[in-house]
Amino acid sequence: MATRANSVPHPTLVEGIHNRWHPDIPPFATVKPGEVFKVQCVDWTGAQIGNNDYSDDIKNVDLTKIHNLSGPIAVEGAEPGDCLVVDILDVTPFDKMPWGYTGIFELENGGGLFAREFKSKAAKAIWDFKGVYATSRHIPGVRFAGVTHPGLIGTAPSPELLATWNQREGELVAANPNAVPPVALLPVSTGAYVGQDLPDDVRAKIYREGARTVPGREHGGNCDIKNLSKGSRCYFPVFVKGANLSVGDLHFSQGDISFCGAIEMAGIITFSTSIIKGGVEKFAMKQPIFLPSPVDPLYSAKLIFEGISVDLHGDGKQYDMDATVAYKQAALNAIAYLMKLGYTREQSYLLLSAAPVESHVGAIVDSPNACVTLALPLGIFEHDILPKDEGLTKHDYGQCAIRSDGVV
Amino acid sequence: MATRANSVPHPTLVEGIHNRWHPDIPPFATVKPGEVFKVQCVDWTGAQIGNNDYSDDIKNVDLTKIHNLSGPIAVEGAEPGDCLVVDILDVTPFDKMPWGYTGIFELENGGGLFAREFKSKAAKAIWDFKGVYATSRHIPGVRFAGVTHPGLIGTAPSPELLATWNQREGELVAANPNAVPPVALLPVSTGAYVGQDLPDDVRAKIYREGARTVPGREHGGNCDIKNLSKGSRCYFPVFVKGANLSVGDLHFSQGDISFCGAIEMAGIITFSTSIIKGGVEKFAMKQPIFLPSPVDPLYSAKLIFEGISVDLHGDGKQYDMDATVAYKQAALNAIAYLMKLGYTREQSYLLLSAAPVESHVGAIVDSPNACVTLALPLGIFEHDILPKDEGLTKHDYGQCAIRSDGVV
Amino acid sequence: MATRANSVPHPTLVEGIHNRWHPDIPPFATVKPGEVFKVQCVDWTGAQIGNNDYSDDIKNVDLTKIHNLSGPIAVEGAEPGDCLVVDILDVTPFDKMPWGYTGIFELENGGGLFAREFKSKAAKAIWDFKGVYATSRHIPGVRFAGVTHPGLIGTAPSPELLATWNQREGELVAANPNAVPPVALLPVSTGAYVGQDLPDDVRAKIYREGARTVPGREHGGNCDIKNLSKGSRCYFPVFVKGANLSVGDLHFSQGDISFCGAIEMAGIITFSTSIIKGGVEKFAMKQPIFLPSPVDPLYSAKLIFEGISVDLHGDGKQYDMDATVAYKQAALNAIAYLMKLGYTREQSYLLLSAAPVESHVGAIVDSPNACVTLALPLGIFEHDILPKDEGLTKHDYGQCAIRSDGVV
Amino acid sequence: MATRANSVPHPTLVEGIHNRWHPDIPPFATVKPGEVFKVQCVDWTGAQIGNNDYSDDIKNVDLTKIHNLSGPIAVEGAEPGDCLVVDILDVTPFDKMPWGYTGIFELENGGGLFAREFKSKAAKAIWDFKGVYATSRHIPGVRFAGVTHPGLIGTAPSPELLATWNQREGELVAANPNAVPPVALLPVSTGAYVGQDLPDDVRAKIYREGARTVPGREHGGNCDIKNLSKGSRCYFPVFVKGANLSVGDLHFSQGDISFCGAIEMAGIITFSTSIIKGGVEKFAMKQPIFLPSPVDPLYSAKLIFEGISVDLHGDGKQYDMDATVAYKQAALNAIAYLMKLGYTREQSYLLLSAAPVESHVGAIVDSPNACVTLALPLGIFEHDILPKDEGLTKHDYGQCAIRSDGVV
C-alpha cells in the first residue's frame, strides 16, 4: 500500500554532449513514441560562467565550444519527411544550482544586438531562482516568473540540408569579409566536440563539416523563442532516420528577442514524442510549427515602446522597411526610459533580454518605415513605473557585474 | 426625473479632412484637457472602395489622395516638448455602415508585403460587422472579435521635423530610383487636400511640402499597431503649439503587421486628452509610448509558425539578420498551411492581415538568422485546424472578390 | 461607388415593454434565424432614477413596475424542446445617455445582500461612460472597462413551467411569512404592464399569474451573470412556440454577484439567433449554458479576499457549508480593506457591485466551512492598493450620493 | 569557475508531521524572514491510497488520521497581530512519485458534495504527471496543466481562537446530531498525531483539544483554493509567537470547489516569508488575503453551466438564496452534459473536481434564487465538446477505478 513502492520515476538521459550539427553524429539514446523521458543539460557555455560579481568570465568565454547540446536522441520509427511531435513537458533548473546569468558580450567576443552601438564591454547579471521567480542582486527592483524553455532544440540535418546551410552561410561571409563580429560562424574544428566514441575519420568529418549552432534554421535549432516553453507542443520536420533530436541552451526566462542573452541555466527538460507519418507534406512544413503553453506567465498590464526603421538613436538614417532597425529603436527607447528610473544602460540592456518582454511587429507595409513595438510588463517591477505628471522617480539601483578592471 | 432629460451626449467633431502632414494646417477645432469628444472618420481611401464582389475599385484606387485624416484638433495648453496623453476611449463603425474591407493592391498601385513575390493583382474581402464580430462572405469559416483601432494617429510635425522627414526619405528614394513600388512616397501636390479655407500661398506650401501619410514616424502617424486600440492610453510627443492631433484609417481588426491592409472602415473614435508638461524630456521620448487596452480580444490557444532570415520560399538566399525576411517566411509558412485547409492564396493573405494574428520577434542576435513567429488564434476558425495524424481536412471556401476580368 | 450607398444598417426593434413572464404575452416582433437585429431597452426601473447627487429616487423607487423588459421576440421555427442559440453581439448605452447608476436600496424597499446587516438606507453612485470605461464622481480613484451585458434575458415559460414557478415560490413565502425583505415576490397585478394591445381577459390573466422578474429561473431570466456579455453565445431551452425571447436590465458593468445593483443603464443590444432542433434533450439542458466572450476585460493582477461560512463580521455563528454566508464574509473583508483606503462603507459596497470583481467558490466540501473568494482587480485603481509594510494610505474620497435628509 | 561549485541549494525541511491544530505544538524548525526553504509533504492521507485500479483503499481510508501536515515552522520575529507574508514559490510532486489521485468517498466514510444525492460508493482516478500536465488512464480524453497548490496552509491558532472554534463547531454538531456524514468533525484523540518528542501531558492536551483539519478557518487552513498556487503571495494573520505555519494536502490540480477531492499528491513546497508588523490592524484582516500567481494555467475558451437555488435535479424544491444549492445544480448540469459525451457519472464527478474548472457566484441578490456558474475549459479535452446541431458525439471512455466488489 505504501504509495512510493508503486511509483516509477521517468528515466533521465544524461550523456551525449555535442556542439555541432551533423547527420553522422550517432544517437546516444533511443526512445519510443509516447515515452516520457528527461534530459540533463549543462548551460550553453559548458559551465564557463560563474556565480560571482565580475564579468571577466564573460569577457574571456571560449565561443568555439558552444552550444553544448544534449543528444542526439533517436525516436523509433521516425523517417525523413515525417513530422516529429515533441511535447516539452517541463524545463527546470537543477535543484542544486538555483541560479543563472545574463551576459553582455564584448564586441570582439560574442557581440550582441547593440555590440556595435554600445562598443560592448563584458557585463553580467546573476539571477537567483526562487521557485517560479527570478531576482538579481545585480538588477534590484524587479522580480518575474520564468517562462522556462530550451533556447535551442532541433532535429539533425540530412547531408543535403547541411550542405545547403554551409553553402549559403559561406556566401554571406564571403560577401561581408571584414564584419566584426562576423556575419556568420562557419564550420571550424577548433572547439568541436562529440562526447561519444567515434571512428577517427567520422569524428574528423563531423568536426570539419558540422554546422555551428548559433543560428536557428529549418530544423529548429537556436531559435531562442521564449514561447517554446514548458507545456508547449512542437512539430519538427524530420531529415534523418530516427529524427535525432538534440537540445540545450536552457533558459529560465527571456524576452522576445534575446538580444544579449537570456537567463542562461543548466537543468533538466522533460519530453514525450510522437510521429506523424509524412507530416512535412501534410502540413506544408518548411520549418517547425508549435502550440504555445497554457502556463506561460500572464502579465496583462504593459508599457509599450514603438520603433521605426529610422536610426533615431544614431545618425538619423532612413532605412527601407527594416524591422531589425525598427526593433532596435523600440529597445533603445525602452532603455532610455529605464535609465530615467535609475537603471544603468547595462542593467537595462540585460533586463530587456532576461524579462518576459514582448515584441510585436506592428506594420511592415507602410514604406519606408517598418514599425515594431516592445512591451514592458508592469507587474515585474517593485515600483510603479508608469508615466506621471511629475516625471519618473529615479532610484539608485547600483550597477550590474562588470569587468574586474572596471571598464564598461 | 426623466433620465434622458439630464443626459448630455459627448460632442462629435465632423470636419477637417486633410491628407498631408504639415505644421501650417490650422486646427479645425480646439478641445480642453479632460473633455470627452468624438471624431468622425471616413475610411482611409475616402470611400473609393465599395461593398460588392469585384476588386476593380482596389485595382483603380487613387492613392495620391490618401490617407483621409480627421483633424487637426488642438488641445489647449499643449506646447512643444510636452507629452500629449490621448485616451482612445472607443472606436466603432458607423451604425449605418456595418461593413469594411481588406484589399490586396496591385504591384503597380499600392503594393504590399508580398506584392513582388505574388505579382499581386487586385483582390478584396468584404467583412460584415455583427456587433463585436466580423465575418466575410469572401472568406468563409472564420469569425473573430474586432480589436478596433486607428491605423493612423499622430501630432503635427514642427517645420524642422518635417524638413528632416522630407530630406531622409528623399535620400532613400534617390538611392533606389527604380524601385517598384517606390521605397517611399515623396511630397506631391497631386491629390493633396486640406478641407479648410486657407490663403492660396499657405495651401500651396502645404501641398508642396506636406509629408505623405504612408509611414509611421516620430509623431506616431500610420503605425498600424493593432494594440493601439479602444481602451488604450497613448503618450505622444508635442512638436507644435496645441499639439494638433489628427486621426484616420480606422480599422475594425488587424493582425500584427497589416501586410496587405487591415479591415478598413469608416466610423467614430472617442477621445479624451491631458497634457504632461515637459514630458518629452521626462520620459526620454523619441516616439510615442502607450498602455494597451484591457478589452483587446483574448484568444489564448494558438498555432505558431516560425520564420528565419533565409528566403526558403524563394531562391533560398541567406540574409544577414533581417527580421523582415524572417517575418515573410513565417507568413508564407502560415499561408501554405491555410492553403492545405482549402483557402486560396489570396484568401490566406487577406485573412492574415485582417485577423488578430500575433507576430513576435523571437531572436535577433543569433547571426545570421533573425527568427520571427506568427501566431494564428485557433478560436477564430469554425473548424479545428490543428495538425492531425491523418493530415488536414480541406474544405471548399471558394475565392475572395477578384477583378471582373478574372485575373488573379 | 459611394460606400454608404450600399450599406444596410441592422434593423432596430423598439417596442414591446413588459414586466412579467407569461406564455400568453404575444411576440411583438418575429425574426428569422441568422438575422442580425437590435433591441432598445430602457433601464430596469423604467427611468425612475436620475443623474443627480441625491438618492431620494432610489429610496422611493416603485419596484412593482420592474423589470422593464423588451420583447418578446419570436424566432421562426423554434419549438418547445429546441435549443435557441442567441449570439449577444453587442451591448451599448445610448449615445445620448452616456451614464448609468448603482444603487443601494432601503431595507424596506428593494433590500440587497447586506440590507439587514447594514440596515441599508438609500445611496447611489452615478457612473459616466467614457467609451469603454466608467468613472464616477461619487467614487473617485477608480476607472474600469465595462463588461456590458444584459442582467436579464430569457425565453418565455410554458403554462406548466409558470405554474411550477408560482407554486414553489409561493410555498417558500408561506414558510417565511414575515421576512423583510420578503423571500420572494409573488404575482401581483399592481404595476404589471404589457405594452401591447391585448383582450382584457388575456391582460388580466397575465397580470394575475405572470411571474415576477426578480429571480433567474430555468429559462434564464434575471441571472445577473456578468460574463453573459457582448460577444458571448448563449443556449436557451425553448418552452413555447417561437421561443419568445425577452431582454432588459442592461448593465455597463458588474462584479460577480451584483449585491446591491450593477451599473444600470439604458441602451441597445444586438443579437442574432439560430435554432438547434431537440437541443434540450441533446445537451441535457435544465438551464441555459453559454460560451463567454473573448472581449471581456482582462485584469490579471488581483487582490483576493477569503470568506468562510462563519459570521465573523457578526455574531460569530457557525453555519453548515453555507456558501452565501461565506461570500458575505469575503465581501465584508474587502469592504473593511477598502475603508482603510479611505472609501466609505457605502462607496465600498457600491464599488464591489459595479466593478469587474470576481468571486469564486473555493471549497464546498470541507465541513462545515464553505470557502468563497472575492478578487479585486488592481488595475482599476488609480493608486497602488497593495499591502505595504507601512500600512495603507488613506485618501479622502468624499461620499457617494445619499438621501437629501442626510440619513445613511 | 565550475558553476556547480559555487551553488548552494535551498534547504529542505523534512520532519514535523502532525494532524491537529493546537497552539502547544512546538515548531519543528525556525526560519528567518527572506530565507528560501522547502518543505516535504506526504499526501493528505499519509500514503493510504495506492497507484492501482481499485478503489478499496478509498473505501477503507482512516480519516481520523488526516490531514498529515508538515510543520509548524516558526518565523523569527512574528508576533500575534502581525501579518505573515508567505510566498508560495513552487509546489511540485516528488520526482520519484509522478502520480496522484482523485477519490470519491463513501457516504459513510468521507462523503463529499454529492455523497447523499449519489449514495456515493468509493471510486477513484489515478493521474499521471507528465511535466506540467496530468492525464489519467481512468478518465481518457483529457489532459490539463496543473495549478499546483497546497490545499491546506495556515498559522497556528491561539488558545482563545482554538476555544472559539471548538465551541462553535460543537454547537453546530449538537444542533444536527444525526447527520450522515456529520456536519463537523470534533476533536478526538483517536488517530491524533504529532511527530515530535513531547511531554505526555502536553501531547494528551493537544490530542484532546486539537482542532480537526477539515475546514478552513480564520487562520487559513484547509481552504482548498486552487489559486493559492505556486507563484502566489499570501498574507496570514498571526496568532502565536513565531506564527507557526503548517502546510500539507498538496494538490497537482483542482477545480474551484474540490467537491470530491482534488488531484492529491505528495511533494515539495518552496517558501519564503516576511513579516508586516501589526498587519492585522493595518489591513483589517479577519482572514487571509492573497495575490494570485502569474503562472496559473490560462484556458480562455470555456463552456459555462448555470445553476439556481432550486433543486432541479432532485425534488424541485425552492431554496432561499442558497448558493450551495445553486452550485450543485450547475455541477449536476455539467455532469449531465459530460455523460452525453460518454463519461460515466463517476468519471464526470471526478473530472470536475480535478480539472481547472472555474465556478463564479453570479448573483446572490435576486430573491429567492442565487445563481452560480461552472465553467469547463475547452482546451483540456482531446475532442471538441461544443454543442453542435447534430448533438454531441458519445465516445466510450470506460469507467474509473471502482471497488473490487464492483459496487458503484
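Chains: A, B, C and D, in written order; residue numbering restarts at 1 for each.
One rule holds for everything that comes next: a contact is a pair of C-beta atoms (placed from the backbone, for glycine too) under 8 Å apart; a residue touches a chain by one contact, two chains touch by 3 or more.
This is a predicted model, so every value here is computed, not measured.
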Two candidates, A-C and B-C; the one with more touching C-beta pairs is B-C
The chain whose C-alpha centroid lies farthest from that of subunit B is chain D
Taking each chain's centre as the mean of its CA atoms, subunit A sits from subunit C at a distance in Å of 49
When centres are defined as mean Cα positions, the distance from subunit A to subunit B in whole Å is 32
In whole angstrom, the CA-centroid distance of subunit B from subunit C equals 38
Residues of subunit B that touch at least two other chains are 294, 298-301, 379
The subunit D residues in contact with subunit C across the complex are 83, 85, 111-113, 164, 168-169, 171-172, 176, 181-185, 214-218, 220, 222-227, 235, 256-261, 276-279, 282-292, 294, 300-308, 310, 312-313, 316-324, 327, 329, 333, 336-337, 339-340, 358-373, 375, 386-389, 391-392
Within the complex, subunit B is touched by subunit D residues 298-301, 379, 384
Residue positions on subunit C within touch of subunit B in the complex are 1-4, 6-10, 36, 43, 47-52, 57, 87-90, 94-99, 130-133, 145, 230-231, 266, 270, 272, 293-299, 379
